[in-house]
Structures are given as structure tokens and as C-alpha cells.
Amino acid sequence: MTQRSRMRFSAVSVFAVVGALALGMIASGPANAAISKTTLVVGMSADLDFLDPAATMDNAQWKITYPCYQRLVEYNGASTDVVPGLASAWRISRDHLTYTFTIKSGQKFSDGTAVTAKAVQYTFERMLKVAKGPADNFTSIASVRANGLKTVVFVLNQVSPQFLYTLAGNYGGIVNPTTASKAVSGDNGQAYLADHTAGSGAYVLTEWKKGQYLKLEQNKFYGGKKPVLETVLFKIVGDASSQRLQLGKGEIDIAEGITSDQYAAVAKEDGNTVINKPSLTVDIMYINSGKGNVALKNKLVRQAISYALDYEGIMAATQAGNATQMNGPIPDGMWGQDPKGFQYTTNVTKAKALLAQAGVSNLSLDLVYSARKSWWATEAQLIQANLAKAGITVNLKLTEYATARQLIDAGTFDLCLGTWSPDYADPSMFMNFWFDSGNFGLAGNRSFYSNPAVDKLIRSAASITDQKKRTALYIQAQKIVVEEAAYGYLYQMNYRLALRTDVKGFVYNPMIEQIYNLETMYKA
Amino acid sequence: MLRLIRARLAMLVIVLFGVSIITFLMAHVLPGDPTAALAGPHPSQETLNSIRTQFGLDKPLPVQYIKYLSNLFHGNLGTSIRSQQPITQEILAFFPATLELVTVAFLLAIGIGIPLGVIAAVKKNTFSDYVIRLFAVGGVSIPLFWGGLVMILIFYAKLGWLPASGRLDIELSSPETITGFYFIDALFGGDKETFINVLKHLVMPSLALGYVQLAFIVRQVRSSMLDALSQDYYLTGRANGLSHRFLVVRYALRNALIPSITIIGLSFGSLLGGAVVTETVFDWPGMGKYVTDSILGRDFPAIMGFTVVIALAYVIINLLVDLLVYSLDPQTRK
Amino acid sequence: MKAIRQLIRNPFTRGAFFSLCVIAFVGIFSPLLTPYSPIDAKPEDRLLPPGHLHYFGTDELGRDIFSRIIAGTRVSVGIALFAILLSALVGTFIGSFSGFIGRWIDQVIMRSTDVLLAFPTLVLALALSAALGPSIVNAALAIAIVKLPIYTRLARTQALSVSHTLFVKAAKTFGVSSPWIVRRHIVPNLLTPIIVQISLDIGDAILLIATLGFLGLGAQPPTPEWGAMISTGWNYLLDQWWYPTFTGAAIFIAVIVFNIIGDGIRDLLDPKAGE
Amino acid sequence: MSELVLEIKNLSLSFDTQGASASILKNVELHIGPGEIVGLVGESGSGKSVTALAISKLLPTQITKFSSGSIVFNGIDILASSETEVAKLRGKRIGFVFQEPMTALNPTMTIGKQLFHVIRRHSELTKTEALAKVRTALEEVLISKPEVVENQYPFQLSGGMRQRVVIAMAMAANPTLLIADEPTTALDVTVQAEILNLIAKLAKDHGTAVLLISHDLGVIANSCSRVTVLYAGEVVESGIVSEVLRKPQHPYTQALIKSLPDIADRDSLLETIAGEFPDLRNRPEGCIYAPRCPKKFEACEVRPMLRIAKDLHSVACWAVETTEK
């Protein structure tokens, strides 16, 4: 063998060894095993943060906690009404300030201890002590007292029409008081509950491989009907295309991360289906009339912006048309909505005229958004193009979510994209949060909108319980805030979810979006 | 040798101190408040303030930093804002995955890169040289995120040969932790199915990451090998009848490796950087993904914990490189 | 000129050199070469496949991908060049003074580079551009900072060796000012290794820019930046394959061309790597 | 005279690199008899080392082009032999000593091991025997503590010691021909003599023929019997050392001798040779030395052949009266 050919031989052999290694791996069987019928695998886009019901305010984490805890009252299927949960019955005092619940018997936490009135008291007292997001929903609680084993009494310091509904939210999940012993350095057990569940729900979090998956298994002591699904895995698949590929191969049963433009194609693929239902989530643009560009204080300018937007085009590009243009702040499907509410149309001429009337020219605005929603980049660029036609320059400011939140709280922006969904089925979720001048910033009023007349209307609507009277007040307020174009009322979106056709029994409830009714789901 | 270790330890102190200051400042000028992102969709001001107090974010920066340093001194990296878990514990969970990925990629790169670099040098300016150099330059040129995604498309989506994400199929339970390296743990565990599954998951990410490093190694080895082959001792050997092959393997290689090792060792940083992207593309549950999420989520303690650990690793790698050079190069033993 | 002739003579660098000329041409004249506006959205033309109207198809806002890639050449390559040149300039300056002046200043500067080197490149760039706020200029600054230690060290080593030569020692004894010595004696000696390093770093910088863009920290939309385009485009791979594919190929080609040229220049200028 | 150890006839070669070609050697003639020490002298760049490397076929194969002539070693036509065949000669029948003892040895390997590799390569000795041979080889080059030296690395030895090691390696297989390419140039003056004496002694003891290459006529004068003077790849003069040095015929040789302080009249100024070295990419048609030659005349437009001059040595110069070739 000559020197030359010997060297070539070694080059070849290096490639050959690598090739053989690769082939060996590949030859050793198929890449994936089929998932059993009693296991459900959900593909989610990112790992979760923490699961403490007294701390988490994010629907993404709630999909874990919701089936692991039970609440005093629960949403009834797909409706926004509540039905008995851990509480078999309740009584509301005439002044709407005292709520008395009777605890259902036979309910047990995942460690086998019984659910008692003391546990309810512990849960709420702890939540208020932790003083994080969830506590904001219960500022009306003056005291909560267990009265014996079965009775618990909430005393409110003000009338709170939505109180019962907030109890059905994730933060209403009753925590096992034995976890008090897990507290370290006065954290009220936050560190422990951050990655453990301790509820009486149908499931228990049994494993959390950070960055990989979370595993739910049945709670042996669950007091309700035994669910079909033995195991539920929430697998982290960051990339949307990977999720789609894995869904197609049946490696995951539900793909949460499918992007808007891909649903149509996913639905056409064998074995896949897409759920498409109207939701109560709205996509809006904050128009900072308090701390933003001075021109935005003028309602004519805000109206001009509203007329310049191409609503149809935006809905087509961001939601593939699976959306409805809003006609006011309250979405369709929520009581209190104004069915005859005014809807802005695309009218560039009118927009220009309004700007001229306002005496504003060469307006240049910053539009802040984050990558939190996959469609915001598209939406922002379209809005930029729309407003350019009316002669308004828009500078896009893509920031990270945390930064965007800070800017929103401080009011240092002109325009900003956001979504909003109600925590409980009450129009105050929209009206009081968005427009009360006491709620500036992250708290809800992100347009820094201030109108004493509106303040008066919505505050009185929130302090009474008569739904008819409240509706009237809210409709009156809506007419003002729509006319004044306090926000860019874009669209109410559809909830879309891609899943395998053999996943059955999923019930979508707009109040608890992203949460699965695992107790009654099954695979066929 | 003791002096070497002592010098490295001194460096460790300086580097750690510098890194902690830089990271601390950087983390705190990052626009964005972690509490605002965590407090829920519409928190009240009271809630935001209460959370800031809980994380000590309301204190002046120097106070926060001194507190951080004193905790660090006690081996405590703090608590993650995003997960509420001790950072030390989190890093222990994520670090082995990265180390496994990086090590395998590195071994692949060395195993293939050194021979290729040698061949390219020996066959300088021939067809094989051009092919190898093109192959190598491809590695440093292909955008890792794009290359990785294309690999997924081919080997997972089209051919179905290899899994696309994670360290192990979700139906299989992870092997009992001995080293934290799944493929070693699975081997000890004796479960053939798990072992093969672990290897399959390793193939794509380690090849993607290894290719970049391989390219770097080929370039480096080729150039130092050319240097070594142009040295007089090579000619002496040839003139004394030693074969070209013998000289390449026994004489030139060792001498070429000394400068290469230093440079390849120091490129560990770039490998970790590459791991950030690889882990994102292949959903590899490691430090890269962890730190990206932490940066985006403004999880200051986590960002700092990560950089401190990486700086530590950097100094350790430096020491290892020094020791390796020490063992290879008699001149350092003067 | 001689260098170019040598580059063309080698078959390995010949093709790369001509591609480089094409890239430079495209970068300089991009506004004249784009058949459509790379910025203006046309929602009615969303996601059209490649054809004679749109060579590379259109994106999610109905923009011509071919035009965006052409326009992106100027952004991605231009910013990479800017970042590396900035880094080389500042690094050479700091490094040569550090090596020339020595003493504690040298110690402080060298330990600082140690610290910077302890960060993984991408992570540092990631954190820096996050800290500075996402924009293409800040991404360039981040890359310049990340690359700084290399140039500082390179310049320092050269400055050290030059400052020990007779003419510099003589100049020092005659009381010639330090900046003068640095400018007249140290900088010219540095040029070759710095040029070699620059040529090797440009490709890497293009990749870093694209990676930052991919992770959402680079250019702001609607700027046609390659990395950001792939980041969005990847979601469309399965149904609109053309979107990420052509963009990725553009990055790959640009980077490989710069890398081959960089290798070639190193072979030419660096006596150790050459013949 | 018995059969020649080495005979180089009419050797011409060029280096071809990507389009450019440089004529390095032109019609070189050289021969060495058994046990003879022949000097090859010339300025740097004159082609001495190329000639030496050509004998062992150690020139880079990709760029070297032989255009004429032959190299015959012990009856073997080197240029016609394959790489494998020549490789068998290297170290075994042809030993090589290089100029730079600093770099001629592998810096990361002990002396003993490097010597061991060479010895094993050329003999059938067992490992133990070869290790013993390492000792004796070191002893033979007059290294006093071989057991210490063999475990040392090159950087731990002085230049002279290293050169001894290199010589030991070259002589390990008892070769027929030893090529010493500037063996003392890099050494101190005091050590130079020791090394030259060592080479002379070994050659005598083993009956080895030596080709001693140097730019230093003094070195040649002390060690060689015959000398060949190279200029720009061409032999300009050759003959018995004493004759050539005493009565140099070629103007170049004369200039060389004049520039040498030891041999020339101590009072005369050290002369340097005026003019520039020729461009080998465009070798002139006429006499290669003509551009720098003080005695240049019309005939020099034509290249002079190497012809036998009156004092029994060959000269390539029209200005010299010669008998005939």
C-alpha cells in the first residue's frame, strides 16, 4: 500500500466508523413506542414556573393545579355558572356580606386526610398571608372561620357580586393544611407547594422532570368518580413545528403550541382534529391617554387610530379569520355586553379628517409588544402599516414580556398590544379593571384612561348585585368608552386546540381556558 | 504542579469576583421586573410591592450584592424567582444534562476532528484537504438553529429514525441517578431499552453541537500539524529513515496537540454557547435552556447562579488544560 | 491587489472570492435589486409559494422573501462588519496600551479579559443585548463586547514583543510620547494579525447576529434580518417550506464565504499557517 | 579509485508552485569516493541544502521537478527508485546531520527514545538489545553520561550535546555516506571544532564517506579533501581543497576567499561581493555570475561549461585557461 492510499484509507475509515455508529442506532428499532389508552400526553411549549395555588396566576400552571385541587364551587361543564364542588351547599346573607358553606363529606386529600372546614380556613388565611396575585381577588374577605368540621363562614367587608365565581377559579383550590409543616423560613410552604400538589382533586403531581415533563397520576383517595386516564404527562416541546410533527406521529395527544396559521393544515392531517370555539379572550391595543404621547389625550386622535385599523386584515393575518371584531370592551357571551354597541370600521379618509380636526400632524407613536403571543409580531407590523396610511408613524418596540409588563405598569408607552380574559364570569372583569382610574397600570387600566363619569357608573355597578341594574349601568359606561376610543377594540378570538381524534370528552370552558377536564376525558 | 494549581485558584477568585459583579450589574440593568411578569395578569400595586419585598428587590443594589456575596460564600446561590426553588438544586438538575451533551459532542468532535485535521495537514492542498476543509468550514458556517431544525425534519419527520426532543422517551422512566449522565446511568442500570433510547436521543443534538466544535478542531489541528510537519525534527526523522506515517503519528501529532489543546480547551465557552441553541432546538433539558429562560424571565438569582457555575467550570477546564499540556510538554516541567 | 490575485489562484478560495464580490454588490445596491418593498405588508399575498412573481415566495405578511433576503444582506453582513471592526478598533487600542504601559494597568485589563472570557460567548451576547434592549445596534454592541478580549489580548501580545525591540526602547529613552510610539511603531506591527483575526471573525459575527435575531434579541421588525426571519419562518416550515429554507441558505452561504476567505487570508498573511 | 559512493551528474531541478517556476539547481556535478570527505560550499541560497536533500529524495514531492541528470548512490539510481526503496536507504546507508541541533530533535520526546526509534528501524535488534545500543551510540559520540542523557529531553541539553545526539542518530546504522548540512553553523566556535573532529573521527573509524556542507570555507579547509563550490545552483569550481583555496580560479571563489577574514590577508579590508543574487525564476542565459563579476567580457554572454583547469580542478569560467573537459 502506498503512503497516499493508506492515508485515504484512514479518512474513509473515520467516516465509516461514524456512519456505522449512526446506522447501528437507527437499525435498533422504531423511534417511538405507542402511548397506552390510559395515558394522555399533552405537548406544551414551555416548562412551568411554580404551582402554589396561593401564588400562581398563570393559566399555563393552572392546567396542572386545577385537576389536583378541588374548590368549594366548580364551573358547570362548558357554562360560566357555578355548581357545588367541595361545598355541598351554601347560604348567602341578605346583605351579601356573609357566605356560609357546608363541606361535602367523604372528600380526602391525596395523603388520605379528610377535607375539613379548617382546611378551607387554612387555605384562605394562607393565601392572604402569602399576599401574591391570588390575594388580589379576595381583598373583600374580612374573615374566614371554620365552624366545626363541616361549616365555614366567610365575612366580607364589601358587597362583591363576583365572590362566588372567584371561588371557582384556580386560586380557590383547597390546600391540605398538613403542608404547613413544610414551611421553611416563614415562606408559608411556598417552596414546597411550588413543585408539589397537595389537594383533594382527582390527580396528584407525582413527578416533575424540569425541562422535560410533568407527570400526573390518580389520587388514590379522590372522593369523586374514578377517572379513566391513569396517567397524564405534560411534555415540554418548545418548537411549534416539532409539536406538530409529534402530534402527527401520535407521540403527543394534544399539541398546545400550534401556531395560528398551521391549524388549518393540522386539521386536515389524518388522526388529528382541531377544536375551534368562541372564547372570552379579547385582543386589544392599549392607547395610553394618560402618560403616553400628549396627542393621545385627544379623543379625536384615538378615534382616528380606531378608524385607521384594518380589522378584517388583522383578524385574517393573526387568527386566520377565527375571530370576531369587538363592539365594545365586553365580549360576546358575557352578560352585560351591549349588543347594539358601536363598532369601528376601517375608514382611512375619516381617520385623516379626524386627525386634521384635532390639529395633529406628523404623529409618531411607539408600539410596545412582546413575543408572549405568537401573533403579536404580525399584528404590530400590520398596525404599523395601517396607521401609516393615515399618516401616523409607528415605531415598533419588541420587548421581552417582563419588560413589557414593567412598561405597562409605569405607563411609559404610547400603544401596546395585550390580551385579556376574565377570571370569573362577571363584566366587572372588563369594565372595572379597564376603566377605573384607580386601576392604572398592570392592575388593569392600561390605557391610563380617566373619566369621572365612567368611574361613577362602573363603581356603582360593582357595588350592587342586581344583574339587570348592573347591565344597564355597564351599557351606559360602554357607550362612553367606545365613543372615546379608550382602547383599540380589536377582536374576540376563538379558542383553538389541536388534538388526536381519539381524545374524547374534552369540554372547553371559556372561564378556565387552557385547563383540561382530565377527570372526564378518555381515549377511544 | 502545585504552583500551577495555586495560580489557577487565585484566578478562580478573581474570575468569580469579576463575573459576579458583572452579572449582578447586568442582571439589574436588564429592563424588566421579574415580579411584574409573575404577579399575574392584573396585580395591584400592593401585591407587586409585597412580592418585591419577598425577593429583597426593594433594597439598594449594593446591599443586595453584599447579601448575594455572603450567601455565595456559604455555597448558597439563592432562590429562583421563577420557580421558588433553591438555585443550587435547579442547577444540579440541569447541569448534568448539559455536561452530558457537551461531553459527548466534544468527544465526537475530537474523535473525528483530530484525524481529519491530521489528514488535511498531511495531504495539504490536495483534493482530500479541500474536501475536509470544506466540511470543516461548513461546520462553523451553518447556523446551528437552522441546521438542527433541518436535522429534525429529515431524521425525525421524514425518516422517523431518531427522536426529536428530550433526553429519553417519555414512557420510559429515567435511569437512577449515579453520574447524572443518562447514557452511563442507563448502562449501569442494565436496561438495554433505556440505554438505546438514551443514545438515540443523544445522536442529533450531539452531532449538531459536535459538528461546530469539530470544524473548529479540524482547523486548529490542521494548522498546528502543518506547523509541526515543517519542523526540522520531522525532516531529521525522515532523513533517518523513519516513515512518514510513524513521524506523523508519533512525532508531529504530539507536538501539534500541545497548542491545539490550549485553544480547543478554551473554546469550551463556545461549546456552552452552542449548547444554548442546541438545547432550545432539541428541547434538551439543560443549562442553556435554563439560562435563556432565566434571562428572558429576568430571574436574576438564576442568571447569576448560572454564570457563577460556568465561570467555575471555565477555571476548572483551564486547570485541566494546563495539566494536560503539562503532561504532554516536557518543557513546562522545567 | 497581490493578495486578491493569490486568493483567486487558489481553487479553494477562488469561488469564495467571487461569491464575496456578489454579496458585497448585493449589500451595497440592495435597494436597487429588490423587486418588491421588503417592508410593506400586503396581507392579501400571504404565504404564496415560490413562482415567477415571487422567486422565494412570500411571508406571513405577504412580503416578498427574495426581496427581504436581499435587503437583509445589508443588515446582517453590514452589522457584523460594523461589530467586528468596532471590536478590533477598541480592542487594539486597549490591548496595545495595556502591553505598552504594563504595570498595574496591564494587570487590571488582562484580568478583566479573563473575566469576560469566562462567559460563554453566546450567553454573554444574549445577556448584553437583553440588557441594552433589543435592537440591531445593541446586538452589534453586544457582539463587539464579546469579541473584545480576543483583540485586546492579540494586541497586547504584539505590543509586548514590539515594545521590547530596540527602536521602541530607544524612542522611550528619548522621551517620545507614548501615544506616538503606539501609533507609529506598535499599531503597524499589529495590522497583520488583527486583519487575519478580523477576517476569521466576520463569519462568526454574522452567525451571532442571526442567532440573537433567532432568539428574538436582534433587529426589530419589520427590519429584514435573517435570524429573525428564520425564527418566524420556522413555524411555517411544514406547510410553507420556502420561508425558512431560503433564509437559512442565505445565512449559510454568506457565513461560509466569509469563513473561506478568512481561512485564505490567514494562509496568506500568517507565515506560520502558510507555506 | 574504487567505485564511487555517490555520483551526481548533470542534475537540474526546479520548484514549481502554482504557475511560478524557479530553477534551483542547474547541471550540478558532484562525486564522492569511499571514506572521502567532500566539502560543498556556497552562500546561503546557492542550492547546497537542496542538493543534499535531493540525494535522499527529501524534497517536497509536490513542487519539486527534476529536469535532467542522475543521482547514483552505491550503484543505485536514486531518482529512478521508488519512495519505499529510497526510504530503506535513509538513515541506514545515508546518514544526515542538520544545521539546527535546537530543532532537529523532537522537543517532546526523550533523547533515548528518539535514538531507539532510529536503531529499531534499521536493525533486527530486540528491544533490550536496541536499548543497549542506544547507550553505546551515545558513548560513541563521546557523551560522558549516556544513562542520564538518554532520559533527558532536547531542551535540557546544550547545542553541542544535541548535535552529538543528532550525529549519533545519523551514524547509528553505520551508513556508507554521511551528509552533514552546516553541522556547526549554529554552534559556538569552541564547540564547532569538537563536532568537526568528531565527524572526522567517526568517518575514519567507520570508513564513512562524508558530504560536508558549509558556507564557511574555514570549516571546509580543515576537514575536507575535495571541495565543490556552488553558486546559484551551479557548480562554478571544484577540486582538491588545498588547490582550490590556494589558487582559486573562478572569480566567485576568489571573492569568497577574500571575504573570509581567517584566510585572506589580515590587513586587507573584508570584502563583500558586490551586486545582487540572480533571480532564479529567470535564470540568465549566459554565465550565472556575470552580473556580479569584475572580469566579465563578451564571452560571458554564453554559459561556460565546467572544464578542467591547469591546477587539476574544474572551473566554469571563460576567463580561465583550461585544458578541456
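Letters A, B, C and D mark the chains as written, and numbering starts fresh at 1 in each.
What we mean here is this: a residue touches a chain if its C-beta (ideal position, glycine included) is under 8 Å from a C-beta of that chain, and two chains touch if they have at least 3 such contacts.
The model shown is predicted, which means the values in this text are computed figures rather than measured ones.
S.K.: Between A-C and A-B, flag the pair that has more C-beta pairs in contact.
M.R.: A-B
S.K.: Which chain, with its centre taken as the mean C-alpha position, is closest to the global C-alpha centre?
M.R.: B
S.K.: When the centre of a chain is set as the mean of its C-alpha atoms, what distance in Å lies between chain A and chain C?
M.R.: Using C-alpha averages as centres, the distance is 41 Å.
S.K.: Between chain A and chain B, what's the gap in Å when you average each chain's C-alpha atoms?
M.R.: Between these chains, centre-to-centre, one finds 36 Å.
S.K.: When the C-alpha atoms of chain A and chain D are each averaged to a single point, how far apart are the two points in Å?
M.R.: 87
S.K.: Using Cα averages as centroids, what's the distance between chain B and chain D in whole Å?
M.R.: So the centre of chain B lies 53 Å away from the centre of chain D.
S.K.: Provide the list of chain B residues touching at least two other chains, using ranges where the numbers run on.
M.R.: 30-31, 149, 157, 280, 296
S.K.: What residues in chain C touch two or more of the other chains?
M.R.: 130, 133, 234, 237-238
S.K.: Provide the list of chain A residues touching at least two other chains, using ranges where the numbers run on.
M.R.: 3, 239, 241, 245, 399-400, 403
S.K.: In their shared complex, at which residues does chain D touch chain B?
M.R.: Listed in rising order, the residues of chain D that touch chain B are 56, 58, 62, 87-92, 94-96, 98, 100, 103-109, 117-118, 121-122, 153, 155, 166, 169-170, 172-173, 179.
S.K.: Note which residues of chain C are touching chain A in the complex, please.
M.R.: Interface residues on the chain C side: 40-41, 43, 46-47, 60-61, 130, 133-134, 216, 220-222, 232, 234-239.
S.K.: Show which residues of chain A lie in contact with chain B when the two form their complex.
M.R.: Interface residues on the chain A side: 3, 6-8, 10-11, 14, 18, 22, 25-26, 28-33, 35, 39, 41, 46-47, 49-50, 52, 55-58, 131-136, 139, 190-191, 194-195, 209-213, 233, 235-239, 241-242, 245-246, 249, 399-406, 408-409, 420-421, 423, 433, 439, 441-444.
S.K.: Which residues of chain B touch chain A in their complex?
M.R.: It comes out as residues 30-34, 36-48, 50-51, 79, 82-86, 90, 93-94, 97, 112, 115-116, 119, 122-123, 128, 132, 149, 152, 156-157, 160-171, 174, 196, 199-200, 203, 244-245, 280-281, 283-286, 289-290, 293, 296-298.
S.K.: Report the residues of chain C in contact with chain B in the complex, numbered from low to high.
M.R.: 11-12, 111-112, 114-123, 125-128, 130-131, 133, 203-204, 207, 210-211, 214-215, 227, 230, 234, 237-238, 244, 248, 251-252, 255-256, 259-260, 263, 272-273
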